[in-house]
């Protein structure tokens, strides 16, 4: 690749600037759509992953445990790698809680002479490691500890959540893959059609004695230029879009305010453009037969 | 330089050339004539490997064209300068770049290219049009760019297909003089033409094709 | 438009079938992506709309109402256009309910001598008409009715849900609009680039004395053919995709099993293709100047 | 039929035609000659309204070309048959369809078109190539298709730009005979050519252009 090739590619671009501009815009739009899709799925993924955050177990304690026993138990539970936090809820706390939840019928509890509710630990689990199987295992371990009366956790609920998370992730990915393949194909087609008209030019170059790479290089450079510029355009458009999007909807919906626009897109979009432009041009030219 | 042995070319069942046999020696200048559709262009295309024969063998500079490896074809073609009947100018390049193409392909340096191209354009009277795109040239001017492109690399073999179809008598004779010059410097020249003025009185060999067959060989 | 034009368009298509096939595929893919996006947003929309379905009010009744009064009240509430169903919950039912919810601490209630809980109506609202303002209005009306002691409903919760629904819908639509504009543009570009090469042909037709419409019609027909075929392809692909998608994920997630693929797409996709192909060709040809 | 009054055409500051004044009567046959780049094609383009003059007035069949409404241009052009120097064949249409185009545009019926087209193709010796695409024609065959397309609608005015550049002597004379025939039937014929054999001894008017100016008017 010489300076000549670069100049030749550039002059080609300039001579037909409108159609190349249109191709570049089209590439930008395609990649923009892709990045919007990507960010959407990415955020669904994050959101889904955060669902089990509030998942916790309630460990009911036997009555009459000593403060020592209690601390030992708390330590033992907290030491498990799944557990993020253990909070003690005393018998009184539990009654207060019940009283609150009976709002409007508090007088129900007025007749009580002693507090029948047990003290308990609320065990919060680490979000990332919440797995139905391992949670089941943990529950079994805790139940067998001294001082533990019973343990309650939403087994079914957990299973349900897990299932939803998986579905959201897998279907999101399927979705994204369809979107990606579609956009790739459309962008590729645009480059391919753009170069289809060049069959004559390629033929002439061949007849003049040009080798395959001499012919290809200017076209590949054109493809790469379209792709990279398109990718950069898509990047700018994406950031602008998400900025406006978050400004518009983020205020009323915290989930959107914290929406992640992965910075890997900074490099990925122009790279994707480069890849599409390059392979698009390469395939569009096809095998150069002499 | 060129050896055709019993060469035939059939397009979709229609024979364009039938059993052509002829020789052209190195440094020779030779004319091909014949009515429209007789097969002149096809004969030239066989030489620069744009089409392949259905029968017979063709040898160019000692190289059989049917046994050549695909990778060698560009190098075979670089020995040959072609004035295409349909011009084949690249619309996206200026006159200068169209002419320079023949040298770019051979990997020459910018300065050398500039000198050779400007000199050749001057030869065909188009120096002042070097920065113009082909679409704003007259028919005869376009034809002269094609001639310049075929000449600029000083090929071993020059094939000119109806090179004066769009040129007036004076310019035609000027072009013929250029062809004779390059021939005098050792290039084998093969001209397919209807223009009898090009070979009349030249005492060069003139092959006459008729309906794809070699009908007559004469001296012009 | 004569038979000639149709034949001429068809022969044009056939002569360059590969590039037209590619364009058509690209159009199909573009519309497919669009329809996938559309169905996704559409289902989010439906899902969001169904959120308030379970929304209900609890109307506490004064003690000692006669069966007659109760029926009259029930009728009056049920007559409201927002209300879909009114269910009577007796004092005993209420106590049973509480007992159930105190699972594990039922003995709390053992000491009660009389049932302090009031009878109530559970008022289910029609899903479509749930609007915070009108629900507030309804609550006020019910509260003023004879025999009603108090009324409870999740005012805040309702507001929250409404907000989420709006956000999901608006952001979904913004999203879809971006996707749509993008795909439209890319498809248009593809048609435009395809026709760009025809400048020569158009020029020749002009010089032969053809009028603007004589020149345009075959190109428009080509554009329409590409668009409609592309749309039909997109339709087939969409139905196939959703069929597989639902089969794959629907079993484990009922929401997906009931996923709605609106049948309006049947006509909309080829129509969208027709529109894009037609306007793409029209704009690609531009104003024909003599 | 054609009236040029002091017509000039300037391309990007470069004058292609300078103050051309001439008349061509209805039913006349008239030649335009001159070296490559003299402005012959430009003169013809002015007549069929492919370019517009920068100065002077042109009147075709009583119609001033600069005052014509855009919507009328197609109808002006339908009076004129043009043999383009660069052929302008549509690559996606067969020989038949390329020729028929001139009639399709005028809205003729299929049967009528078929008869006229086949007759005209026979005239130029290409009846047997009617279903072929232009790319598989020889240069001279393509040129004859262009001629057929210009003739088929029996225009009031025939403009032929270098119509025999790719044709041998015999075929050229055959084409000239056809032009004379159509001229005899009342069509005004204007031929731009380098081929002196076309007008030599014809006793028709020959306009000679040189560097954009009318240098000489003669009888062939």
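As written, the chain order gives the labels A, B, C and D, with residue 1 at the start of each chain.
The rule we apply is simple: a contact is a pair of C-beta atoms (placed from the backbone, for glycine too) under 8 Å apart; a residue touches a chain by one contact, two chains touch by 3 or more.
All figures in this text were calculated on a predicted structure; none of them were measured in a lab.
Q: Indicate the whole-number Å distance between the mean C-alpha point of chain C and the mean C-alpha point of chain D.
A: One centre to the other, that is 62 Å.
Q: Averaged over CA atoms, how far is the centre of chain A from the centre of chain D? Could you give it in whole Å?
A: That gives a centre separation of 67 Å.
Q: Distance from the CA centroid of chain B to that of chain D, rounded to the nearest Å?
A: Chain centres of chain B and chain D, defined by C-alpha means, are spaced 29 Å apart.
Q: Which chain C residues sit where two or more other chains touch them?
A: Correct list: empty.
Q: Which positions in chain D touch two or more other chains at once?
A: In chain D, no residue touches at least two other chains, as defined above.
Q: If you connect every pair of chains that touch, what shape comes out? Choose line, ring, star, complete or other.
A: ring
Q: Run through the chains and report each pair that touches.
A: A-B, A-C, B-D, C-D
Q: Quick one: which bits of chain D touch chain B in the complex? Just the residue numbers, please.
A: Residues in contact with chain B: 11-12, 33-37, 40-41, 85-86, 136, 138-141, 143-144, 161-162, 165-172, 194, 196.
Q: In the complex of these two chains, what residues of chain B are touching chain A?
A: On the chain B side, the touching residues are 48-50, 70-71, 73-78, 80, 82, 84, 88, 90, 92-93, 97, 101-102, 104-106, 110, 133, 149.
Q: Quick one: in the complex, what on chain C touches chain D?
A: Listed in rising order, the residues of chain C that touch chain D are 3-4, 8, 11-12, 15-16, 200-201, 203-211, 214, 289-290.
Q: Applying the document's contact rule, which stretches of chain C touch chain A when the two form their complex?
A: 19, 22-23, 25-26, 29-30, 32-33, 36-37, 40, 60, 98, 102, 105, 107-109, 111-112, 116-117, 150, 152, 163-164, 166-167, 170-171, 174-175, 178-179, 181-183, 185-187, 189-190, 192-194, 196-197, 241, 245, 248-249, 252-253, 256
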